[in-house]
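Here chain A shows up in two complexes: once beside chain B, once beside chain C.
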Partner chain A sequence: MSPRRGLAGFLTVASTPLVILLSLFLGRYPLPPGRVLDCLAYALHLSHSPGEAALAIVLLYRAPRVVAAAVTGVALSVSGAALQSMLRNPLVDTYILSIAAGAGFGAALALAFLPPGFPVELLAFAMALAAFFTVLAIAWGWGGGSIIALVLSGVIVNAFFSAMLSLVKYFAPNPHKLASIVYWLMGDIGQAAYWPIVARMLALTLPATLILLALRWRLNLLSLGDEEAMALGVNPARERLIVAVLCALLAAAVTSYTGIIGWVGLIVPHIVRLATGSDNRRVILYSVFAGATYMVLADDLARTLLPEELPIGVLTTLMGAPLFIYLLRRAGRVWR
Partner chain B sequence: MDRAVAVLVAIAVVLAAIAGYLAYVHQAPAVRTVTVTSTVTVTQKATRTLTKTMTKTVHLIVAYDGRGVKIVLKRPARRVVVLTSYWAEVVTALGRADTIVGIGKYVKYDQYLPESVRSKPSVGSEFSGVNIEEIAALKPDLVIMDYGWGKCSEIIKRLESLHIPVAAFFIRGVGDEVKAIRTIGVLLGAEDRAEKLIEFIESRYQVLRGIASRIPAGKRLHVVMVDAYSLLRGGEITVYSNTSWGRSLLDVGAVNIALEKMPKSKWPKIDFETLLSWNPDAILVAGSPSTVQKALDKIISDEKWHALKAYREGRIYGVPCWGSIGGVLDWGPRDIIGREYIASILYPEYYKSIDWRRDMETLLTRFYGVFIPEQAFASYGLRWMEVVDLLGDHVRIPRHVERVVDFISYQLDVALHAMDKLVGISKYAKYNPVVSKAYPNVTKIPSPGSSFSVNIEALAALKPQLVIIWPWKKSVVEEIERLGIPVIKVDVKSYMGVKRLIWLLGLIYGRLDRAEKLIHDMDSIVGMVEKRVAGIPASRRVRVLYLWSSPTTVQGGNGTVNDFIVLAGGVNVAAGQYPDKAYVHVDFEQIVRWNPDLIVIWWWARYGPEKLLKDPKWRAVRAVEEGRVYKEPFYDHWGVGCSLFILWLSMKMYPQLYKGLDFMKIADKYYEEWYGIPYSAVAG
Partner chain C sequence: MTSPLVAEGLEYGYAAGRPVLAGAGFTAPSGMLTCILGPNGAGKTTLLRIILRILEPWRGRVTICGRDWRTIPRKMLARLVGYVPQSTQTVFSYRVIDYIMMGRAPYHGVLGVPGRRDEEAARKAARLLGIEELLDREVTELSGGQERLAVIARALAQEPRILVLDEPTAHLDVANRIRVMETLKTLLSRRIIEAAIATMHDPTTACLYCDHTAILHKGRVVAEGPPDETLTPRILARVYGVEFRRVPLDGREVVIPLRLHGR
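Showing the complex of A and B:
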């Protein structure tokens, strides 16, 4: 590893705790940095309570929200990086597994037709997995787990669930429910700013992330191509299945809580590749940190840029598109 | 010495004469007042003795009525009997409705008057005679009435023999109207207000005359104004000649044939052959709104009318008159609005700048103190009527509406008993809790879509006479209009807006009576709330936050809910920062900054107070800390229920003001009345 890349890697890793910490000082509620520090000290039993409102803002709102954003960023970026290397295609993301389409359909179904008490995230999660297993069934059942089969079945299932989502929107019993669906689809990390939800997100994503990290050298093998992988004693179809299941789990776990947040899984691995090279062992590892940093920063913007909150999904896409063009120009040499 | 005194007296007399003349010139000739004080200031300079003799009359009020008869009152009239509705309207418009102690028989039917006036004891009418003893028993210090028709002269004679001051008028035009208002203003001690009303009338009259004078001679329409009632009755037709209404045609630049032929008569009767021989360019059918409609129907069905040029050219129009709502032309303050109406209907191309409906709304709001919006008024052609929708656009619809597609206000259609007129309805209607319970047959009404998207062919197949829609998407409205179907656009942003909508629907469906009663019921609830919260100082008003589909989607300063919060006596904490927004997605920290006292959650929201109460971060918000988080009992913001919501909000804000008041009981009774189902059947 060149020194430059080593530095970039170090900066990526260091940025995450720094950005998370700094984000606790940002927000629309006027809190001087000293008060925020008091809150943190209080959380560590080092000082007295700096006031109910300040505590609630810092410890019960900003902190869980920032952590939720970080977890979301990690899940989306790691799964994006893994899929890109596995499929040897820089333009894929978890959308190829139809996670977002399935989750959107499930959430819409719950918002439109199920009683208010029913948790939306449950049906979103279930439908995300249902969509994903449909992809699996097509790709592995009929296509033998080849890359082209996976990509094609992803496109098919994606289109199908998007159409189903439109159908639910069309048959929603009233325009208010329609509006709720539209809002959900735009994404909102604020609704996950609650420690029990953050805990659930962590419980679902942490094991999958760790397993993917452990498997990252195998992804390097997969990225050599199927024949080379088999020659090295790896069954590419089976490896792909494992990776796909883990990626789907990651994306579904966060998407069902936050709504659809696009372009993170696409952008972050590219940034990492540009900084540290295309070795998947590094890309996946650094995607954990870069993803968290990127997402926390994006959510900071969503919270503070305008007097009203911006929908995070719209913001990441708006940021993503121009950034992607820039990266493609700079990174041409990496992928050529 | 004697000579000197004589000279001084002579000078004083001359000065007084000059002062009197000046007063005469500066005021209208009808009201040669009065205000002896002005004379006094002049004479004071002359001699003291003269001042002494004059001071005896300082407090006298002197005015001249329409006959030129001098009326002298010791002080402004405090007990007034008005024999006709338009003079009651003038008294009301001058802010002296409380002085009225007795009314003529027909005054109670004038819906523009406040209930307090309409419920005063009736003393008979100018048409069939009054009970003089009853009038005397009311001890009036002034009777205001007409002269020159019916039993007026007899009534005046008997009142004056009892030394009851009488101010009598006969109106032949706006000039007479202005003089009458000025006189009544003086007699009631309301000169300032009278001048304001006169200014309102005269400024509009000048605009009208200015435009009329520019209509070229070749374009002057020869018009006859007929009485709708006589037309319905059959036989001879009463026409308006030398009266205020008859002369109104001249004011707008037309020729009144009847006035040309019979200048002496007020209401001559002619037979149909005479009318045929005059063969007017246009015919105006004047009468109460409902009589006008029936008379126009008769003209359509009676073939002899089809021989008239005015019929063939489509120039037969209705002129709604008198005091039922929708009536435009009448003596009294509305006389000028009636002229604007006639001008606009006869010469739409010349009088584009005049908006009689808006002027009517302004007059009623500013002077009568009632809110009857422009949406309550239509102009009438032979086969159409023209109304104004909630966006202020004029829409021409058939006079008899029987086939409607309603995409948005179906809940009010239930309340107005108009569901039988719907041939199509929004696809969302059957999911509406009120509609589905109160009108189960809603599932049998076909649905060509919603305000968001319309199946144009399915809509056309229903052959609607008009479509009522929320103009969410301009292209949808335009598509429907391209089919040649009139579109009524509905958007409501305030309590007033809800009332506008109800008036408009009442007018369209021919259910104005029910609309008026509904608004009366709504206003009585909101009025009670306003009265109770009136005394709360701004600093102690409860600060409210309203949450929509998510706990961080809040109601800004634009929209019905914001208006409801204010009417209920509260302050919308989000209004200051987002004055133009209805829905705003905010950051949670913003809510902590506002720190509202009370949080209300939208009925359709998928979460309830418990979501906020169990999430510890919300404890930083006062409303949550104090447990003042409520879900609204039902969502009915654009309908009958908005008044209940205002009451409910106010009760949650100020429970101490509503001790002993059972909200559910009131709500159940009210919903039964208007939807035929109890509130508890849908709420909760």
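Showing the complex of A and C:
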């Protein structure tokens, strides 16, 4: 590995714990840095309690929120990187392929009509998978599976699931549920800022991410296309199915709690590729860290930029669109 | 000695009732460069895809190293047969060393990641093709000829006994065409591979380099054997509709295309 790539990799990995730690000092409630440090020291059994209020803010609100943002960033970025490789398409992620919209519809359906104890992720996962397969069927059945056909069929299926979501809102049993669905759909990490929810997100995203990490070299092989992969002894259909299920799982796990967040999964893998090259043995690994850092920073902005909190989905789009134009210019040269 | 690869009675079509191959078969003798010639649409690429079991034929079979190829698991097949596709279609750019290392896939399970031994195999393949100085470059930066050699190196990293190449000289300039063909001859004479099968467009190049020829026409092999017996003006006129002349060259004969037949 070249020294430049090695340095880029190291900085990426180092940025995550640093950004997570610093983010604990940010927030609406004015808390001097010393008090935050006291809280952290208390959490590590190093000092006495700095007071109930400070503890609650740092350990029960800011910490789970920052971790939830990190987990969301990891899930979106790793699934984006994996999807781009396995579909040989630099323009896709769970958002573009309407996997997120499917998951959102499934989760909304569960929120509106199913009893509170029902695992929302289950329906979100089923619908995410259904959306993905519909997109693939349209793109391969009628568009020949080209880069543009895949993106266009994503647009079509996205529109369908948006309409279905509107129906769910229209028929929502009461205004309270309607309001929570609407707000949740805009994308908001704050709703996941409880340790039990973070634990549920982790229970799905951790194994899925670890399996995708283990498959990182296979993603290189899939990116060669079916014919070459088969000639190298790979069973591309089977391995694509595994990756598809894992990506749907990642989308369902985070969408169920944070709503639909676009652009992160599209952009982060490209930033990583610019820094370390396209080999997925590095791209998947560094997407974990770059995704976490990117999302935590975005959420910091959402929390602190304006007196009112910004919906994170709006912010990632505002950040993502111009960044993507820049990346298209820079990275477009290495795509064919 | 049995031939490393024998194809018999292969039938296949992309639409029912419209066969592209109608009983094609040929033998790739040991130690030889076998050329499959034929005009556009004769079914050359389809034939290779069937040999690699990318396509399942309607009828017929292929025997590879003495075994019916249907009984060989895909991973094992990839250790016997290395494939050099006509055009590579990498969307993302890889370093040449990483690209060649992908040829090590048949030696790993689904969760496998290449290690030191695989890197050595990749470097060895690059050395055989004389592209060691390219190993740290990006594949997308390579010229057409360099890229071809990198793909052949990837196939060699599979450590196959047979190399299958789809039009290895297409889109190459004269120097690179010679380089690729000479490389194949060297690999065969040094016994690094047991047999090579290449589809080709150009009968003249085939005369110069091939040891064994099969001419594919309308889904059938219409002539098979040494080049001087198969690449005759009569057969070529029938297959290509082009008038060829045979001229002696350094003790053997080559065919030169002259004009469209009947003008």
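By our rule, the second predicted complex is superposed on the first by the 264 of 336 C-alpha atoms of A that agree within 3 Å, B and C clash if a C-alpha of one lies under 4 Å from a C-alpha of the other, contacts with A are read in each partner's own complex, and residues count from 1 in each chain.
As a working rule, contacts are C-beta pairs under 8 Å (C-beta built on N, C-alpha and C of every residue); 3 or more make two chains touch, one makes a residue touch a chain.
Treat the numbers as computed from the prediction; the structure is a model and nothing was measured.
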Touched partner set for A:10, first chain B, second chain C, both or neither: neither
Which superposed partner A:239 touches (first chain B, second chain C, both, neither): second
Contacts of A:279 with chain B and chain C, given as first, second, both or neither: second
Touched partner set for A:326, first chain B, second chain C, both or neither: neither
Touching both chain C and chain B, counted on chain A across the two superposed complexes: none
Chain A-touching residues of chain B, taken from the complex the two chains share: 428, 431-432, 450-452, 549-550, 552-553, 577-578, 581, 583-590, 592-593, 595, 602, 604-608, 615-620, 625
Interfacial residue positions of chain C with respect to chain A in the complex: 49, 52-54, 74-79, 81-83, 85, 88-95, 98, 102-103, 105-106, 108, 110-114, 136, 138, 140, 158
In the complex with chain B, residue positions of chain A that touch it: 27-30, 52-53, 55-57, 60-62, 111, 116, 120, 173-180, 183, 188, 190-191, 193-194, 303-304, 307-309, 311
Residue numbers on chain A that touch chain C, as the complex places them: 2, 84-85, 88-90, 214-218, 220-221, 223-235, 239, 273, 277-279, 281, 334-336
